[in-house]
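We call the chains A, B and C, going by the order they appear; numbering starts again at 1 in every chain.
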Amino acid sequence: MSAPAVLARRAMARVGLYVFVGLVLVFFALPLVWLVTTPFARTPSYRVPAPSFTLHNFRILWDNPYAVRSIGNSLVLAGGTAVLAVVFAGTAAYALSRVRLPGRDAVLYAVLLLSSIVTGTAAMVPIFLMLFQLDLIDNRLALVLVLTGGLLPSAMFILKDFMDTVPRSYEESARVFGASPFQILRHVVAPVVRPGLATIAVWAVVQVWGNFLLPYILLHDPAKQPAAVIMYTFYDEGGQPNFALISTFSLLYSVPVVLCYLVVNRRYGFRFQGGIKG
Amino acid sequence: MGSRPVATVGALAVACLVLGGCVSAKHAAGAGDPQRNADAKHATLTISTNAISGGKNAQEADWITKELIPAFEKAEKAKGRNVTVNYQANGIDDAKYGEKLELSLKAGGGPDLFVVGGDSIATYAAAGYIAPLDKVVGGEANSWTGWKQVDAAVKKNVSMNGRYYAVPNGVDGRVLYYNKKLFVKAGLPADWQPTSWADILAAGRKLATLSGVTPIQINAGTPMAEATTMQGFLPLLAGAGAEIYDAKAKKYQGDTKAVRDVLSFYRTLYRGAKLGDPRLQQDPNGRDESFTEFSQGKLGIIGESDYLWRSVVCPTKSVCNATAMPDRNSTVGYAMIPAERPGSGVGGQDFVSMSGGGGFTINPHTKYPQQAWDLLTFMRSATQIKAQLGSTVQITANKQVNDEILARDPALKFIADKVIPITRFRPSEEHYTSVGALIEEATGQVVAGKPVDEVAKAYQQGVVKLVGADHVSSN
Amino acid sequence: MLFVAPALALIAAFLVFPALWTLYLGVLKYDLAGSNAAAPQFVGLGNYRDALTDPRFANSLLLTVAFVGLSAVLGQNVLGFLLAAVLRDAASWVRGVVNAVVLLAWILPGTVVVFLWQALLDRGGGTLNALLGTPGAAWTLDHPLATIVAFNIWRGTAFSMLLYSAALGAVPRSQLETARTYGAGPLRTLRDVVLPHIRGHVLTNTLLITLWTFNDFAPYMLTGGGPDHRSETLPVYVYRTSIEGGALGYGSAISLIMLIVNLAIALFYLRLLRRRSA
């Protein structure tokens, strides 16, 4: 192949590349346009508004008795669940990664599959009845535990991959110096898999942030309900969606989870270690 | 690692115990003495409705928290009783709310006072979630003076086997709304009252000559959910001379002539004469879409309940938002729904309608039945009914209040005077909800183009599977 | 071991236990209200027989397979890989921008996302119709399956992109250079150099996104399963029969059928992995 032909081909490839990236950008950005423009529109609706600017919709949001508080509730639930999920999944994944036991993987897969059952309404029956008998309805700590239980299999599954990559020699040397297993995990392993832990934390926050059914069923006091539930109450007297509330709340409700990702990504790097070892 | 098998075995053991204990636990309907805790120094009651301040049904939530509860607590104090009332706000999708309420009731908990729809009384009673009021609170439930103010049909809607299960809130009625301006443009009278289905179709054909106008909207299909049965199928069925459930014969309508007539009407409307927009019946937002079109003068005739008049096309922008019609009173006409032919309706009627509505009931497991009954009658007093309405107008379950307020709104007065006396209610039978789902499915299929006979057969099979062939009529 | 105890306890209490209970409900005629709520009847395999003979169930299963195949196995996988590959050599600002929008689609709360897509596809004032000059086009009615496929690709590609970014980092640059020197085309390079390094990642990724998509309820929020059941995937079918119909026992039975399908999928991927690596 002649040199100009190669150059031409490279140039074509470049153009193709930019067109591809451009199309992808449009595809992913298009639905987001509504999110950033409508909250400031004078008459918010499904229509992306003509340029206009008002903060009046935020005033309406501020006056809603539950909206702002629900974001705080979401923070509590998501934060609590993320901490528990990281700690429990971290310790468990470490142990499972270090101990070779027959059937270990099978058990992990089994609970991973079971977690798909405990999502629908039918599964709310046992969970609700159990917490009701224990008098834990309207109890946020109980809800956090339930949420954590649901996320643990996937979290352990993802974290185990990270744990597998930590060279055992690190731990051996720590052990020589008389470190306890907990100290080893805390001071030797955790720093190495920190990106993995951070990833799980963000992932847990995202999962809880959007969860509607569990909080709705297990909490009765609307003052404790998280944003995912309160967002479904924004209807006017005629039963039509109240776009002033929905649009501004969408924005407010999205910001914390985006910030959470940005902070974690900057500090620890957000990534997945992957690959099941065959 | 020894803990794992132990934990698993433990969980299994607990699971078996609780499964055995809870799933089969059967609540005795009505948990004992109506007079229990009647003299308690301090009582706590919880009300739950599907409303929330600042959101869905905010007016109701605000009335309960700001007016009803303070007034009631004060009144009880005057009687020397300390009663604290809590309000559980929800304001969520109705199906989701029902799910949560039913779960709580199933667990033996739940609010002390909640709303039950007239059509849910049978299902809730069968599950043990509600019981006759005279069983829960005693004989005073039957001798309450407030019953004198309640219309007989409305009483029936909250009763089963002659016993009251709830105290009614209000009632609604269905009519045909039409756009007078479009009617005049199409050469139709501004003062319209069809007397047969053929009249409706004839008006639709004239409206079809206007460009950009969908002539008729009669709800159909699954996305419209209960609006399909209440606004469409059931009033039409009543016009064809049948009620969906014959309580005497204990039979549902299966593949009967009346059902086929209704489905054929849908077919003519949406397929044959193309006077309706099949799209609206498939769209998850179809009903809202139909409201928007009607409010913008793009829809000629729509079958709806008085809710459309009050809360969708009302002139007040702050209540009805985008669908408000400042010229509603001069533009929107209303007519009774005609039977298929004059005299062909249920009971030989010329005109028909369907009504819904429910009432507040008392949880049979409440700790304080007497205090709950006090609250229930307090909230259904004329004063509190008016407080709940505020400046709005609605047909209530109290004749005296209706006389006072309906004069302010001719359309609601028309419905109260002309429609409510001839209306029908959904059956209080525990399979009705599932039959309703089959109706939604059947109407949707006809609108999508499936032949009437085929759809009617499939519908019949569905109903038979649900209630057994002995409880289905076909001819 | 102490490390796994908390995780296992939570999983046992809030996952395994409700899951087993849910499975037990599957052999009952168990409704939320009505006489079957007070005294559930034992029907053995009756619910399973009803499901397997219901043409709506068969329709749902087929739709789900199509939905998973098109949107996850093909859509998210391929787009995620392409983005990871393309962005590796792209200017850092391009990488930043693309990463940001793709990730936003993934981390925004589900409730918000539903409104974004309704605003995008709305018949009257939707962004898409405004952009394409097709007012009144009803995308969710005319192309229900395509709509939910596009939605799921939009929503979930970020995970594949992140995972493949990490995976491609593990492919030695020297080998890529070598391939280029020998004049290998992109496809051959992919097959002979890249794939062997990331095979484990591909399978992990495909397994996870398959299971997630299979159990995804979001399509309901866009199309309601319609029109005429044309986008009624299995989770939507379960919802419509078990909540709208109130039949929880039946819903549980289908959950178990779904679990078995999930299990079959997982085993299939694992076999594939074993065979390849052997």
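Keep this in mind: a contact is a pair of C-beta atoms (placed from the backbone, for glycine too) under 8 Å apart; a residue touches a chain by one contact, two chains touch by 3 or more.
What you see is a predicted model, and the numbers here were worked out from it, not measured in a lab.
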item	value
Longest centre-to-centre distance from chain C, chain (CA-based)	B
Two chains joined by the most C-beta pairs in contact, as defined above	A-C
Length of the line joining the C-alpha centres of chain B and chain C, rounded to whole Å	37
For chain A paired with chain B, centre-to-centre distance based on mean C-alpha positions, whole Å	39
Chain A-chain C separation of Cα centroids, rounded to whole Å	16
Overlap residues in chain A, where contacts from two or more other chains coincide	45, 95, 99, 121, 125-126, 130, 232
Two or more partner chains touched - positions in chain C	1, 4, 8, 13, 16-17, 21, 25, 118, 124, 243
Where chain B touches two or more other chains, by residue	1, 4, 18, 99, 103, 106
For the chain A and chain C complex, residues of the former touching the latter	17, 20-21, 24-25, 27-35, 38, 45-48, 84, 87-89, 91-92, 94-96, 99, 109, 111-123, 125-127, 130, 145-146, 148-150, 152-153, 156, 161, 181, 185, 202, 206, 209-210, 212, 227-228, 231-232, 246-247, 250, 253-254, 257-258, 261, 270-278
Chain C to chain A touching residues, read off their complex	1, 3-4, 6-8, 10-11, 13-19, 21-23, 25, 79, 82-83, 86, 90, 94, 97-98, 101-113, 115-120, 122, 124-128, 130-131, 154, 159, 162-163, 165-167, 198-201, 203-205, 207, 211, 214-215, 217, 235, 238-239, 242-243, 248-249, 251-252, 255-256, 258-259, 262-263, 266, 270, 273-274, 276-278
Residues of chain C defined as touching chain B within the complex	1, 4-5, 8-9, 12-13, 16-17, 20-21, 24-25, 28, 30-35, 37-40, 118, 123-124, 138, 140-141, 223-224, 226-228, 243-246
Complex interface listing, chain B residues touching chain C	1, 3-4, 7-8, 10-12, 14-15, 18-19, 23-24, 26-27, 95, 98-99, 102-103, 106, 120, 122-124, 126-129, 221-223, 225, 279, 282-285, 289, 292, 430-431, 433-434, 437, 444-445, 448
Touching residues (chain side chain A, partner chain B) in the complex	43, 45, 63-67, 95, 99, 101, 107, 121, 124-126, 128-130, 132-133, 137, 216-217, 220-222, 229-230, 232-240, 242, 245
